[in-house]
Amino acid sequence: MTHSIRAKLATRAKLATRAKLAAEFIGTALLLAAVVGSGIMAEALAGGNTAIALLANTIATGAILFVLITVFGPVSGAHFNPAVTLAFLLRREITPSAATIYILIQIVGAIAGVLLANAMFDLDVIQTSQKIRSSGGQWLSEGVATFGLVLAILLSVRFRPDAVAAVVGLYITSAYWFTASTSFANPAVTVARQFSDTFAGIAPAGVTAFILAQLAGMAVAVAADRLFAGGQKDG
Amino acid sequence: MTHSIRAKLATRAKLATRAKLAAEFIGTALLLAAVVGSGIMAEALAGGNTAIALLANTIATGAILFVLITVFGPVSGAHFNPAVTLAFLLRREITPSAATIYILIQIVGAIAGVLLANAMFDLDVIQTSQKIRSSGGQWLSEGVATFGLVLAILLSVRFRPDAVAAVVGLYITSAYWFTASTSFANPAVTVARQFSDTFAGIAPAGVTAFILAQLAGMAVAVAADRLFAGGQKDG
Amino acid sequence: MTHSIRAKLATRAKLATRAKLAAEFIGTALLLAAVVGSGIMAEALAGGNTAIALLANTIATGAILFVLITVFGPVSGAHFNPAVTLAFLLRREITPSAATIYILIQIVGAIAGVLLANAMFDLDVIQTSQKIRSSGGQWLSEGVATFGLVLAILLSVRFRPDAVAAVVGLYITSAYWFTASTSFANPAVTVARQFSDTFAGIAPAGVTAFILAQLAGMAVAVAADRLFAGGQKDG
Amino acid sequence: MTHSIRAKLATRAKLATRAKLAAEFIGTALLLAAVVGSGIMAEALAGGNTAIALLANTIATGAILFVLITVFGPVSGAHFNPAVTLAFLLRREITPSAATIYILIQIVGAIAGVLLANAMFDLDVIQTSQKIRSSGGQWLSEGVATFGLVLAILLSVRFRPDAVAAVVGLYITSAYWFTASTSFANPAVTVARQFSDTFAGIAPAGVTAFILAQLAGMAVAVAADRLFAGGQKDG
């Protein structure tokens, strides 16, 4: 290989990496802006009816997930979620160093998105949530929610790659309601939601337990997924 | 065929069977966790407005059906419903022994999902519903609901296999509202919903009549479907 | 052609016709059962908040339209609507005699669906609506609603046949809200909704004007569509 | 080339242009009729609960966007939005003269749609909104909303052209809730919504700042998009 071809390939790889990181950053930021922003709007308008507020929050979140995964999936895989990145690491589909960078970018992007939501609603940009989220049921919920999310992603990536965006958007749409914790199911989301003292916030004291439950659910999903690797119908 | 090839094929078949049963178990469990869990959440938040509670319950159920059928369909066919399995048995597309195992697993999975929902919301894990569901209109509703569900499945499997997940999710979304019984349309779901004394529960006394109505609706659908077997446009 | 081949072809054609008529009958009946049934359920649960009732009615209607068009489209074209059948007649894509039979079956199916909804909710099976629907704005609305519906169908049949079910379901989802009449947009639906004195009913005095407005909107859509026949991008 | 072939080609080009302009006019008019009409209906029925009104407005808008982009996309590209047309102009995918005509038609169509909505609801056809929309947070919101919309369009046009209609419909569904301005994100929409003193209106004093914020967001999206031009996964 000549020097000039090698240089071109290196430039191209650098551009691809930059695109991936930009996709994870913008995607996770817009996801959190949607989660937190729609929570602020919904609570402001719902006149105290929390079911209506959560319904609006649900629809806004599910819809933006479909959009972000559809448009950034072809660039970075559209993880937006350290639990998803770690699942691919356990399956050796991403290198440890790439996974580390993905996760850092996701956390930074998530926090940026929360601050953006605060700013769009003319609130203090940096806040700390006072909303206590802590109970055995909520931890079980985070485990179940992340198990289902990661398993659904692994199966749809394998069997129906065109449906991943719809699967994730609709899974979260459902899980917001069927879990006691409203399904954070994402460590970057959990970290970032500390920074808004609004509808979607979580007090810092609850963050670690949520993340541990999420990682446990993810690990079970990766194990369960092995059952299905060779189990395709007629396969 | 040598002994070793025969052994390999046997192992492979065993793995495929295990995958199918795991898919029916996990799928039916998550379906019931979503139906019952979202009912608990919705009733808790809706401030007494049952329409809002049912709307949230509807959206959570329709969304998870799309997800579960999309990801488990390629593994087990994603029945999650003894009425569907029996329809395929009437059409000789599944053997009696396989159908029996499917139905047992669906019932066990459904009950597991209900107990999981109870646990996620920090309620007693085992409960008995007190909600009476019993009237001529409700039995007619279950018959109509299951007729429509099974016919929609048989037709979409034949004409638009890629749309089955959307068809089932949206059919149930609609049928929750247009039937007086909120469309259980599934014997395993009916059995399992006895075990949660919450929004989605059904008192044990009403279970048998619901299931009989569902099986009648299923049988009519299988008969009606024969009209369409040769009736494709331009066919 | 021998006698026996001719006989076989005749039998086959008869079966195809029977399937088409069954599809139009069952489809239109289930559509009306969904429209009227979900209206009854929604009004009963909504505690006087008509917006919530209409939202549930909207979602149930849009969802069942997607389902019915997806599963019956390959059989009969899934018209379920005399305005749609007449549009295809104006375009000479259906014969006058076939159109006549389609329209009769649609009306009978629609009425059957309304009576079924009444029965499922333990109401008197035959009723007459008292709900006055009559104003210049409502007639304009029916014209606009049917114009948009028929134009969307003609264009999606031409350019995106796979999307017809989603287009119609989502068009009606929107039009329920953006027209003053909640978009009947269908003469068979209009005739049938006289027979339920519930949320979705229409008093007999208003029926004729609604249908005339619908037919006017349909005719304008067929004319407008000609603009687009040769106007495909890059075409 | 003979004279007669040249004449035929000229006629064909004229027909294609007429179809494009008709698509932009009808599409933008129906979009605004849906935005404003559903706002009027929703506010009338919601009994003072603004969250329910916005939810109905959101669903009606997202649904009609899917429909209009699906059916008019193959004709005109389905811009319906000067910010989108200008983004394609910056990327030299449309000529300045074609862009100018598109934008004029979009504005005229948008105003026609608002007047139509007023008429359908038996209101004065021409009105001036009194609803003040003006704050730093709202301008930031319009910038963010339009950035996200244009970036999502550019990326989905490049990577997933079949998903553009779903991406835009669901993006706006989400952005209605996660931005403080309810995401006008469209200069033609902003101009036209002055002309209805109802739920979706905007007082004339706020129009210019909204449009400037939208154009800024669009420009940032076009710049950001360059990051992704060569960044396709495995590319």
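Chains here go by letter, A, B, C and D, matching the order in which they are written, and residues are numbered from 1 within each.
In this section, a contact is a pair of C-beta atoms (placed from the backbone, for glycine too) under 8 Å apart; a residue touches a chain by one contact, two chains touch by 3 or more.
This structure is a prediction, so every number in the text was calculated from the model and none was measured.
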Ask   = Any chains in contact with both subunit A and subunit D?
value = none
Message = With touch defined as above, tell me whether subunit C and subunit D contact each other through largely the same residue numbers, more than half shared, or through different ones.
response = different
Ask   = Roughly how far is subunit A from subunit B, going centre to centre by Cα mean, in whole Å?
value = 29
Inquiry  = Nearest whole angstrom, what separates the Cα centre of subunit B from the Cα centre of subunit D?
reply    = 40
Inquiry  = Quick check: what residues of subunit D touch more than one other chain, meaning two or more?
reply    = 49, 52, 55
Message = Which stretch or stretches of subunit B touch subunit A in the complex?
response = 12, 15-16, 18-20, 22-23, 26, 30, 33-38, 41-42, 45-47, 49, 52-53, 55-57, 59-61, 63-64, 66-67, 70-77, 116-117, 119-122, 165, 169
Note = Touching subunit C in the complex, subunit B uses residues 48-52, 54-55, 58, 62, 135-137, 140-141, 144, 148, 151-152, 155-156, 159-160, 163, 166-167, 170-171, 173-180, 224, 227-228, 230-233, 235
